[in-house]
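Data block below; observations after.
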Amino acid sequence: MYNETVMDHFTNPRNVGVIEDADVVAETSSPGCGDITKIYLKIRDNRIADVKFQTLGCAAAIASSSMATELVKGKTLEEAWKLTRKDVADALGGLPEPKLHCSVLAEDAIRRAINQYRIDRGLAPW
Amino acid sequence: MNGSSAHKRQVYMDHAATTPTHPDVLAAMLPYFTQEFGNPSSLYSIGREVRRAVEGARMQVAAALGAAPGEIFFCAGGTEADNWALKGAVSAQRGRGSHIITTAIEHHAVLHTCEYLEKQGFRVTYLPVDRYGLVDPDAVADAICDDTILISVMMANNVVGTIEPVEAIGEIAHRHGILFHTDAVQAIGHVPIDVEKMHIDLLSLSAHKFYGPKGIGALFVRDGVAIERFIHGGAQEKGQRAGTEYTPGIIGLGAAIERACRDIEGHAARLRRLRDRLIDGVLRTVPHSTLNGHPALRLPGNASMSFAGIDGEALLLMLDAEGIYGSTGSACSSASGEPSYVLTAMGVPPRRAGASLRLTLGELNTDEDVDYVLDVLPGIVERLRAMSPRPA
Amino acid sequence: MNGSSAHKRQVYMDHAATTPTHPDVLAAMLPYFTQEFGNPSSLYSIGREVRRAVEGARMQVAAALGAAPGEIFFCAGGTEADNWALKGAVSAQRGRGSHIITTAIEHHAVLHTCEYLEKQGFRVTYLPVDRYGLVDPDAVADAICDDTILISVMMANNVVGTIEPVEAIGEIAHRHGILFHTDAVQAIGHVPIDVEKMHIDLLSLSAHKFYGPKGIGALFVRDGVAIERFIHGGAQEKGQRAGTEYTPGIIGLGAAIERACRDIEGHAARLRRLRDRLIDGVLRTVPHSTLNGHPALRLPGNASMSFAGIDGEALLLMLDAEGIYGSTGSACSSASGEPSYVLTAMGVPPRRAGASLRLTLGELNTDEDVDYVLDVLPGIVERLRAMSPRPA
Amino acid sequence: MYNETVMDHFTNPRNVGVIEDADVVAETSSPGCGDITKIYLKIRDNRIADVKFQTLGCAAAIASSSMATELVKGKTLEEAWKLTRKDVADALGGLPEPKLHCSVLAEDAIRRAINQYRIDRGLAPW
């Protein structure tokens, strides 16, 4: 059902965990399947210096979180904002059709975190 | 498949999804593929030999149910039997009414057929269940209307293993003169069945759940009960179910059901002991784990449990990587990722339900298998919880 | 089964009724009973292996028809495929009309389904055939009404072996935007099939007619053609045909169809030579014997003949006593004793038709088998005629 | 499908053939299946001294003719008249349900022959 890249990111997820002194933390959940993803960002000079995630979800949700955090690490907030679920799914080499919606969680949580960070600093959310 | 392979132990604990065909059953089938391959509906002597074997299998199935051979009709499996029973019964009864009573926890073969029948103008009551998955016979009685023509309640649930009070429900159905169907696909070989005592008019079964082959099942139709035929064509199965018979499968079904029902109590006792060791071990070692279904009124092989704070598919795939094969709910809905509608009907809120894992034990399993699962499972749950923002 | 047994030669010439499962086909199936027994709908890795094998078989079936794998749906046999195609297509098309065109010589799986549909309010035109059993494409065109929603014409007839002008009929159907179904159960492995070229929307097939196992078949559904599902339940076969897959059967169907279609011309040439020797020999040595069906447009293995002045069942049983296994018409009607409706539709008066005998040759047959039949048959016909008050 | 007695009377039918100098000949046919049975009787002193039959029909029809002729041979006409298809089927050890109608032909042909014989002699038919 899942390809090797997905299975690799599921069984050995990158960036899993908590940043105790994160600059911002955001969480999204999917009303449908009950999956939850929480993103921790450490931001330096408008760049994502560190990122961690926690996910309660299926293999696709965990692998997407892992891949999405890999893709935004070191990026500027503008670059990170542009990350789409399609970028994540593509980087994973594709996801099964009924599991595509699971990759939206990571994208969504990252954007929420970025906007929260802007609001905290008195900027208008994107 | 079990036993340790080169690198890793393999533990099959998904017997409720399907079982291997037992070597003795396969051996009984083999001559009918290549040697005794004649068409049992043929006139000539070779076909007659096969017909004799088919009728022998019919007697074996009848004996297992306390039925007469003439009441057994072979078909392609449990799903076809359920479709035929429901569609066939309500078509034949159409003049008498259009109300059907079933439960919220039936297999999709019954539920989706009922949804189809709703589109055809029938009214369906889906009875609720209690937190153990039990249907209340009084609720069945209360749901009966003047135009109720069919009651369908499964004998045992495939997800949580709860055994339903079928005899009491059958008694109510017959007191009201309403046809009673039961999906016994999960029950055969685990629950002693007597269609007389249980007041059953229609019963579905499927060979691959009790070490028989896939692609063959049967519908019991009580003598005198008229149901419309479902597959039209040749005169096979007394004209009730057309199509060249899957003769090796029929022979295999006969052999498998005789085997499965030979010593139900001994077989159940063995499974129950293994299963209780598994359940007790898991509940003791894994925090925030709960048993789904009824503690006592459950299939002897069913260990359905939930682990708060993690997802069922993730758990399943991690177990798979360790050679442990289970399922999250019923196999057929595995691709959907939805929380089991059975658990939902039992009142478990989707979020709180957490990961539901169904391990169903069977003939392949040993004490060593249970040890292995008890060894591996707690660590995997812990690992997944460590990744979770809501670790239970 | 063939070759000489202790006392008597056995000659199976009823390949149109059913065939033995070829040893290579059975060998391909065997691992899926006991080893690779996983449920292909399961999530875990064992189920995934089986799924891969099932998809391989789907590709084999698709390749044999010139179809795409996604257009192949496995089911329990030719009869279910016919029922599903007809009932499913007209239900999905109900809004567009209620007229069906078929022929008087279809298999009961189509005819009895049509009769059922008539009771459901559909109108059915049963086209006549000529004395060779051929359907006239012009008659199909003439029968089309504004509300025609389905045309179903078999690719080759099971009783007399006549091969129908399916391509011309498909072209007419498509010109009028009407769905075209063909029952190809007898044609696979004998007639090259290309669903594109032949304008086929729906096609039924059954493995046991070409050395595959009984109890498995398939329905081809052209991409974009909507038909209502027939068996409701789990999500198997993309939700179109529920029920745990008969995986060994699916693998066997794939292996058998690839085998059967590998060298259609070589296979047909071999059968045709044997069959023509048989037909020529019988017609020359038995007075008042006639060939049924078309002299050229016929299945390579079909030798359907009539012998005035005697009865078919009596002839069949006398042949059986000599170890020759044939049939009178289609196996499924063998118990009824009625003269074949196919011969009647071809204009053969019941009395004049006399005994109709269908000998269908196949892979089991040799030149020695033909010699043996030519040796035995004339004497039996003579013996029966000697008992008859109307010896022809 | 058929029991051994039926198969024996089918494969080795008794009394098959023609009586060239028969006292009476009668024929019946079944409109349904097209079977035909022809009965030849030689009658001496109100008794069936000899009987032969010809049948175009299935195994059940041939076996019934064979058994029926055996049962009436040597009987008085009154006794022979009383022969029913059930007697024939019973003597054969039973016939399959869909083949029961085939045993009527022999009974019918024998009665026709007896009545024809009576009419030929100026007696009222039974």
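As written, the chain order gives the labels A, B, C and D, with residue 1 at the start of each chain.
As a convention for this text, a contact is a pair of C-beta atoms (placed from the backbone, for glycine too) under 8 Å apart; a residue touches a chain by one contact, two chains touch by 3 or more.
Keep in mind that this is a model prediction, so the values were computed, not measured.
Asker: For subunit C and subunit D, what's the span in angstrom between their mean Cα positions?
Answerer: 41
Asker: How many angstrom lie between the CA centroids of subunit B and subunit D, rounded to a whole number?
Answerer: 57
Asker: Specify, in ascending order, the residues of subunit C that touch 2 or more different other chains.
Answerer: Only 43, 313, 317, 335-336 qualify.
Asker: Among the residues of subunit A, pick out those that touch two or more other chains and give their numbers.
Answerer: Subunit A, residues with two or more chain partners: 1.
Asker: With chains as vertices joined when they touch, what's the shape: line, ring, star, complete or other?
Answerer: line
Asker: Considering every pair of chains, which are in touch?
Answerer: Applying the touch rule to all chain pairs gives A-B, B-C, C-D.
Asker: For subunit D, which residues count as touching subunit C in their complex?
Answerer: Subunit D reaches subunit C through residues 1-2, 7, 10-11, 13, 16, 27, 33-38, 54-59, 61-62, 96, 98-99.
Asker: Can you tell me which positions in subunit C touch subunit D when the two form their complex?
Answerer: 309-314, 317-318, 321, 335-339, 350-351, 386-390
Asker: Considering only the defined contacts, which subunit B positions touch subunit C in the complex?
Answerer: Checking each residue of subunit B against subunit C gives 1, 12, 14, 17-21, 23, 26, 30, 33-35, 37-39, 41-47, 75-80, 82-83, 107-110, 112-113, 115-116, 206, 208, 213-216, 231-236, 242-249, 313, 316-317, 319-320, 325-328, 330-336.
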